[in-house]
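Look for subunit A in each of the two complexes below; its partner is subunit B in the first and subunit C in the second.
Moving on to the complex of A and B:
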């Protein structure tokens, strides 16, 4: 059984994911986590001894080596077209070294 | 009107496209199913270049997670509300070459993470059969537009049941073929090992035609299959004599809606009358109850990783701040809705090194056992079937579900089996419950779409619900 977590725990976790949670949202997660913990018990109860994790539905190879030839390129203008701030052909962010 | 009917009368394609555009605008006030309207004028001007295409002059709606060059693609999320792709998804190219004309980008649950289509930044999508009810999600806009007769075909994506459940709620055909059958290149991802591309149509035969256009190997999607594309329409005969069909007992036992069960039983009797061999089979109940938590972990863990690039720097709705880190935090806080942030938190919890083995890897191991269980059933049967949902579409404000009940864990979520296995799966309308549509779901063996569509056609023949109108 998972240990019950509090609001502060989830707020700190969200910060690691680069976003904030309001008190109300963190509280919702605390409540939903209690339901999830009961559901996770159903998962943990399955005996998976000797079972390999399944990463993709099929294990037939679909990836092949190709010639190292340039294809499917986009222009610099296209690459930058969705950026909010562009300076001299680069994505622009606030100065890092001050 | 179906795709096949439109193809018989391509001379009036332009007229029909303009009519679809008009219907789309008229429907918006009630359904709220569209994020972006596409002006078809330029596509109409090029219609002659696609004479004889399998979708010649057919108006189509795309789920808003399909990248369309030069056309806003938001995935119904605030963080992408100004994103204009510089490339087309592979399926967009294929449909355009076949003569399709895109008229709308359809609403969806934000980033495809939901089953209600109530979390789009543009507001909830309403069900054409009853505007107080949800269309289902995450591909709810696409389902509603096909159900309302705006377009005969709409693209959806399906990670848990995001095509097949809204199809049931809206009374249309919803089909996701085998994982790898259709390229995912250019589809904004949710969970890479579970995501499928598929279609909503108004008949099974239209689903077959659509697949023929969309299917095939694409080197831009390393998981796409090289198996040859078949002439699916040729196989859709509705001939089920001698076909073996398994009814999933676990799902039936978890449903208490008599009207849904009545519709389902009528279909089963019809299949038997047509010569199908129908047996009731039971899957391991413990595995079925572990399906949803395993899905929840795998999907959210993969989503957390997939969406780490949404930071407002290279694209997306940047919120300015003093430092790069603060830009990302503010952009992501304001850009993602509460449900998305909750799911990312759960996803990252499962990925912590101390949890990875007992949660994420355990979920992946259980996935393998579940896939083996499904394969066991399909060794002896051509398809397995069950009601797609325990009843009709819930009301938009319905919060009554018990997330620990069998009804929720098994009857409401069994179609995840099709995503875990990657097997082709289709929902076909089967009748009404309390005035709302209900569908039957059929799932077949990997890459045996022809057989699945053939049996689905038999269901459609039994119900007579082909190209049925809202209110029929």
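Moving on to the complex of A and C:
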């Protein structure tokens, strides 16, 4: 089981995801995370020797592929309806250069 | 000092499907902003991706043509990064299980054929187009979700020229398959180059530099040649190369730094939870692989075998698929593939270049050009007359009608020519005497007279032969 993460860890993670945590919020998360880790430790009691890890809940692959036919397009007005700022049919956001 | 050059190339190629990779919104180029999207590209809550069957088919075709193994269990992974060019906050790609692996492409170099190994071909989605203005960024999600294949070579390339040969062979192959427009200038095919230099024979690789945004094959070659010069001179002066991303600057014809690499970005890849593994129908995969369109190399070989073309002519024709397709239509009518090839390569290509036109913008019909070739073969008109007729054929006119209207039929009917010859001989008894006295010039004079009587339409070779025979009889 991984070591228990502290406030600084969650604050750094939050910054990477572009938001800030207050000390109080970070502390809440640390506590929640501790509880979660204890709960997960219960699973370690199960013997999984020789069991392949699964990624998906079902073992059988699906077979569906979508036919290449246009089936649903929304209008420019609909597309932009949730945008806080629109310029000439474009979503407008503060300048971002990667 | 002498250096070994190590180059690997990544190609991103948009697939020519009607709809997006994971949604039924249209995949198109040059439409009004944000009109080719639906809730899936815009990442509205509750939406789920559904894989495009044609995109998978195209990826199988490309993998097969590049001699790759095809994985029939299709799996996707999630590449996480927080950037506005994908509304979801991640790209769906195939990090861990590319559909195609372990292939190769043979290129022609000055030292002969060289095999460039291809590590992988995987499917993924394209990103949105962003316009960075002074204070804001405008986003158009039309391109977002367009199906892409990324094709990654092994570092087997060792010069700018080889890189250009590899990219152009790959481009030609994908174009013949019909899976992509491969327009580098419009961005439907994009090329990133990884390059490093090491002392000749050294087992240790040098620092790698990535060159991005190469929008033509000639720029790929120029950028690499420039980069080789830059690395050599830095190393020769005892300096070191920084790991970074550079781009080719068209104006100065050099590479310039875009950004330094600050360690590897952690994309937190994990299996895409919204798409379960998809087992492809094996019969379907086999039928795609067994029915690939003809590839450029196969077409070249066929031209040499069926039409008797030399490798140069076969190469010139097949390197331009439109011209090559047109040539085949001409050959359905023309009785001689070699002469048809000459007309396509020199007269036709020359005329198109001179007029700044393409085959699709001209009214010219392949049947007419084939007919024209046959008219020359059948000696209906002379080669010189054919060139004159060709000017009108280019405008969509029927060569038979043009030749008739210009009254330029070549008379190859022996009885018609004979009758002219006899008229001329009757009118010129002195020339017959001269001929009998060994004056060979008399023949030339008499042929001239026959040509004059026929208004230039008598077949000169036939006239010469028949006239000599007639003279001997008299």
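FYI, the second predicted complex is superposed on the first by the 79 of 98 C-alpha atoms of A that agree within 3 Å, B and C clash if a C-alpha of one lies under 4 Å from a C-alpha of the other, contacts with A are read in each partner's own complex, and residues count from 1 in each chain.
Everything below uses one rule, namely that contacts are C-beta pairs under 8 Å (C-beta built on N, C-alpha and C of every residue); 3 or more make two chains touch, one makes a residue touch a chain.
Everything quoted here is computed from the prediction, not taken from an experiment.
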Partner chain(s) touched by A:36 [first = subunit B, second = subunit C, both, neither]: first
Subunit B versus subunit C as contact partner of A:10, first or second or both or neither: first
Dominant toucher of subunit A (residue count), subunit B or subunit C: B
Partner chain(s) touched by A:45 [first = subunit B, second = subunit C, both, neither]: first
Which of subunit B and subunit C A:76 touches, first, second, both or neither: second
First, second, both or neither for A:66, with subunit B first and subunit C second: both
Partner chain(s) touched by A:18 [first = subunit B, second = subunit C, both, neither]: both
Which of subunit B and subunit C A:94 touches, first, second, both or neither: both
Touching partner for A:53 - first (subunit B), second (subunit C), both, neither: first
Common ground on subunit A, meaning residues reached by subunit C in one complex and by subunit B in the other: 16-18, 55-56, 58, 62-63, 66, 72, 74, 79, 85, 91, 93-94, 96
Contacting residues of subunit A [partner subunit B, same complex]: 10, 13-21, 25, 28-29, 32-33, 35-36, 38-40, 42-46, 48, 51-58, 62-63, 66, 72, 74, 78-79, 81-85, 91, 93-94, 96
In the complex with subunit A, residue positions of subunit B that touch it: 82-84, 86-87, 179-180, 193, 219-220, 222-226, 286-287, 289-290, 292-294, 296-297, 304, 311-318, 321-325, 327-329, 332-333, 336, 338, 341-342, 344-346, 348-349, 358-359, 361-369, 371, 403-404, 409, 420-422, 446
Residues of subunit C defined as touching subunit A within the complex: 17-19, 23-26, 32-39, 42, 50-56, 73, 82-84, 130-141, 271, 273, 276-281
Sites on subunit A touched by subunit C in the complex: 16-18, 55-56, 58, 61-76, 79-80, 85, 87-98
